[in-house]
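Got some structures for you, see below.
In the two assemblies presented below, chain A is common to both, partnered first by chain B and then by chain C.
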Partner chain A sequence: MGLKWYTARRVAWAGVAAFVILTVTFVLLDYAPDPELARIQFRAAATGADAETAAEAYAERRGLTGPLWERYLEYLGNLATGDWGWSDTRSQPVLTAILTALPYSLMYTVPAVALSTVLGIAIGLYSAFNQYTTTDYAATFVAFFGVSIPNFWFGIVLLLLFAVQLGWVPVLFDAELARTRPLSLANARQLVLPVFVLGTSAIASTMRYARAEALEYVRAAFVKAARAKGASEWRILTRHVLRPTLVPLSTILVGDLLGIILSASYLVEVVFGIPGLGRLSLEAIRRQDTALVLGTTLVPVLVAVLGNLLQDLAYALLDPRIDYGDR
Partner chain B sequence: MIGAEDSPGTGTDDSQPADGGEPPSERFEDVDWASIDADGGGRSPLRLAALVAAGSYGLAVASDRLVAGGDPTIDVAFGGVAFVWDATAVDWLFVATLSVLVFALVPLARNRRLVAYYWRRFRRHRPAVLSLAYLLVIFLLGTVGTLFLDPPALDVAAAYQPPVFLSVDASIPTECVGPVVEGRCQGTWRYPLGTTADGKGLLALAIFGMRVSMQVGLIATLISITIATAVGATAAYAGGWIDEALMRYVDIQQTFPTFFLFLFLAYLYGGSLFVLIVIFGVTGWGGIARIVRSEALQRSEETYVAAARSAGASGPFVVWRHVVPNVSNSIVTAATLNIPVLILSEAALSFIGLGNVTLPSWGQTIAAGRGDLATAWWVSTVPGLFLFATILAFNFLGDALRDALDPRQEVGR
Partner chain C sequence: MTDPPAAPRDSLLHVEDLRTRFHTDAGTVTAVDGISFDLDDGETVCLVGESGSGKTVAAESLTRLIDDPPGEIVSGTVRFDGRDLATASEAELRAVRGDRIAHVFQNPQRALNPVYSVGWQLLEAIQLHDDVSKADARARAIDLLDRVGIPDPATRIDDYPHELSGGMQQRVAIAMALAGEPDLLVADEPTTALDVTIQSQVLRLLESIQSASGLGLLLVTHDLGVVAEVADRVVVMYDGTVMERGSVHDVFERPSHPYTRALLDAIPGRDVDLTPTAARDVADRDPSSATDSTTGCRFRSRCPHAVDACREGDQPPLHPTPDATTSAPDGARAHVAACVHFGPDGDPDVVVDSAKSADSGASADESAGGDRR
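== the complex of A and B ==
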């Protein structure tokens, strides 16, 4: 099987996966109890009106009448054309709400990903070259620490220490400042802690993968040959170990980092009060704005589908040894 | 038939008992395999015990649901100590999980040599041994301890007491339980870890949180590994379109980021502990199923599987008797590493308020203390420390188990 055929199949599969996920979401939504409907029925019953009529009027307004498959097609069509519904609590289209929140999320996730990737690979390589030394054990411990510490709690502890006790950074995130002067020093100061918290959880897995991958090459024959030839350690590191390590790593990074960043950022935003996607979603959950909950859930899901696709394609492009038949 | 070497001089008649009870079975062909199989299957004491346990468990659940109704399940008093336990659905699931764990451990405990071998390999990891001890304490406090402790109660007068040996400005607690020295309220042994804004003792809250965490971690993981083993082993053994369909399904389930799947389902179907556990258990098994499948694929190539098959064993029998026991090492490791993920997810969902608000979960307590960081820092910090330590311990344990149980994975480590 060639690369083209593999790519075509992989893209088609991503489409199928997205389609199945959307279908499942639709079914879940359809069968879930609707808090808004219950409220309306309760209100109608309390005022002496007929609960059934009120429920029907509500369904009519929401477009919930008609056979299941018709609503299903409409749901798919709306999602595809960018009509993700109307947020009742924010009185704006869901997509607008998401696009407004997105820059705030990117503001700290992008630096966190960049930092954790560079540092993670560097530390991982160093660990592999100095296996079973004190530094290696220290790095391993840091990795366990990063995987194990609950993000939201870590954020709280850091806020307590650096904002409440020491006063080095502001306690509350200033969204106005972030919007008007995103590149100012003041904005950087309030983003330091979120970047750090997100970075610690992301760096752990990068570090472990980089170490494990590099270890496969540290004792490889071609590295020994390079050393025998008199190549410097630095050259061995960058030319002979880093390059083959980067191939599997780059693909692991996409899929794995994505999952960590997506879920970690949710809680980090809640703790630090950053008005990004996570906060938007949480507000929607608290106020039972189902359209917005759906929208904010679908964004990470679609990003994940795309990420998985890119990961597989990157692997096929970077590593010619891949067996296309394998999953 | 170890001692019965064939010596041509002696006749078999000599060794036959005088009363003629059992025929000699010295040659391979003479062994009555059917009777040996019958002894080994069906009536082993372990199986009998498992049946009795399952039966009495069923009866107990039925009596609790049908007879006791809203009354407490157990209400006895001995020596002035009242013992009241109204078992919830989660409690019953937990009891079932623990019984399964016990019955899974019995065959291992019987094999002293194997246990000693694993223990020697495991002991090399000092952090893991410490973690195991810590987790046992947490587990016992959470399961047995909570049966005898009173749940933390609302006591507004005792709000914001500092932990013992520490002190805060006397204006912060409503009423200082301990002594006030130089305008600072001292912590007391009555509330060793301080109290929350509701005056609930943090130590008691932490201990009851242990039960919630253990219930979530253990029950949901058991559900997960049951499904994962069934799916993974079936896919590996059946192959063909069954394998394709099952693993494609796992692909899709894995694509949905776990946290958002939990979040979305908890939002739609409510966040009671029971629902949460079911959501975790029923949707979180994809990764384990993949591990089981790939391991089972390798095991299916082994000669003993071919031997069993050529001896006429059916497919399900081979999977159950030969493939699953041989991948159990990987299952145990994957399960151990699955538990901290679930505990963290539960804490995270409770933290953002999707869980049961009345439940003394660690995440709930951390969230409750967030507003008081400037005045009562201990409310959020204490349960978080327990959460962190528990997750760290499970990760250490899982890593050491992988080393100890799985010699195949030693390369590169």
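== the complex of A and C ==
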């Protein structure tokens, strides 16, 4: 029993989890109302034809006949080969729609997550080491501010101030610019506000958790022992406190990531007009594009499965006390 | 404050009038209130007292390990090897910690970082003060583990703390403390968290290390049995102050301060009653009230020999006891007690002889309250 075996088992479990989720998705898809089918039946009824026949013809065309298990296997096969269905509202494959939207989302979520993780942990540790000082209170204030303030409102206010009043950044997100010159300064400028808005909320929760976790260790006997050995404060912070702190924190990081992708991105993308995954999903829901809704839902689901897998591995790497023998 | 400013003969450690305060929400607590003692090369000094007497704070104040804030060393000197650690800079302290003065803590399980291997932590201790290669440091770490009696050290070095027993963990902690070849080892209740059988092993290990390397040992303990076994000299603390100080022989054979006498009485199986029954509740005492409004002797409310003079002023200074002439004559090493009865106007016989007269009938049922932590 070692780390390799543990890793193999965790990966297998991630596969099982993904399988269960895909199955649930399939069942939902099967029972979900199909607006296209409703339209065909309505048209058939209006022209005096038999609505049932029209529905059967539609099902035949879509490959929706045959027993459930057969369609299930086909569905799994299609998913595996990249055929995630057809988006009626966009007249393009679901996967193409998602892959088109994804880069726009990544452009602001990746910097926001990276910044909030690094800064959140850094500020949290600093706060823990300087508990009840002015800087600690200031950091706490910023954290509560970030947690309390609604993203969409904050985004609008920032847009009004920095884009409309001061004119430092563009009001409208230029997707063409982002697509053709993603690494340009102009693109960075239009991404500053979304990153900032998303970052403030994520940084706040990371910071609070990092502070609370680190506080458990700041006064720990082993920290005192390290100090008695002659270790510097910096060494104590980065070696002795950070690592045990990271164990519970890795759980929160995955949750934060999901929070950003699942909910925050909807609001931020609508406010800033970014044609990313959140907007795509929102449009799909509003226009009852079932295949696209499920497709866009699968993305965060897969992120969750992958994130939990990484988190399990992080636990075992960070804390030797976590026994990976029989799980 | 009380010692004649004993021209600091070059003792390894000279603590004078050390005062450590903690600022808490409930007010300021003076945990260590002006203690003085000396420790020489190769000498074992025991800091004895019950829980809350300030002995741990005193030990951790030496290299300023106390949490600051809320803790603060308000006055006093900690002269170590010619330098005053109480006013030294952080960088100077770091150079002393681990290299010249090492600490061993009460609970080995908590004193070792759970997420790093034993070897990692030993290597850290070695490499913090010695610029040696990793391979050399590892060889030294294995040697250290061997010295503290860890079987199969070359394998055990890769273990994590949770894979070792409590006794082994404390041995590792001691090995870590020895990594810098210190001149002074401060061991704060090193055996308290261990099994009784392991306690004596660890104690014997400390003794053998001391005799082998000649380092000074400051042992903080509440266990008078340990004191009797290993100490050269004893400092008895109560409520942040030194009540009595002297060689182990003097303190055990001729305990002078009423508190020391009560403390010795609390040892189960000790037949001689040193104090009247009134003071035998010493084991059941409430932790000292944490407020800073002491006047007079801190022990007076529970002292069977309290007189009006005990209420006045501060804690009485450390007066030489009648047998002081028989021990070393100079101030730092004399047998002294902070009690008015030993002062110029007092009569030591009030304390020393009272047991014979006042408490003859009550000794039949031995109080069993001595076994406290």
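The rule is short, and it goes like this: the second predicted complex is superposed on the first by the 288 of 327 C-alpha atoms of A that agree within 3 Å, B and C clash if a C-alpha of one lies under 4 Å from a C-alpha of the other, contacts with A are read in each partner's own complex, and residues count from 1 in each chain.
Rule of thumb we're sticking to: a residue touches a chain if its C-beta (ideal position, glycine included) is under 8 Å from a C-beta of that chain, and two chains touch if they have at least 3 such contacts.
Just so we're clear, the structure is a prediction, and the values are computed from it rather than from any experiment.
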Partner chain in contact with A:99 - chain B first, chain C second, else both or neither: neither
Touching partner for A:57 - first (chain B), second (chain C), both, neither: neither
Touched partner set for A:118, first chain B, second chain C, both or neither: neither
First, second, both or neither for A:215, with chain B first and chain C second: first
Of chain B and chain C, the chain that contacts the larger number of chain A residues: B
Chain B versus chain C as contact partner of A:20, first or second or both or neither: first
Which superposed partner A:232 touches (first chain B, second chain C, both, neither): second
Which of chain B and chain C A:159 touches, first, second, both or neither: first
Chain A residues contacted in one complex by chain B, in the other by chain C: none
Contact set on chain A toward chain B in their complex: 13, 17, 20-21, 25, 28-29, 32-33, 144-145, 147-153, 156-157, 159-160, 164, 212, 215-216, 258-259, 262-263, 266-267, 270-271, 281-282, 285-286, 293, 297, 300-301, 304-305, 308, 327
Chain A partner contacts - residues on chain B that touch it in the complex: 247, 251-252, 255-260, 263-265, 267-269, 340, 344, 347-348, 351-354, 366, 370, 373-374, 377, 380-381, 384, 387-388, 391-392, 395-396, 399, 412-413
Contact set on chain C toward chain A in their complex: 60, 63, 65, 67, 69, 90, 94-99, 102-103, 105-107, 110-117, 124-125, 128-129, 160, 162, 173, 176-177, 179-180
In the complex with chain C, residue positions of chain A that touch it: 132, 219-222, 224-233, 239-240, 243-244, 247, 318-321
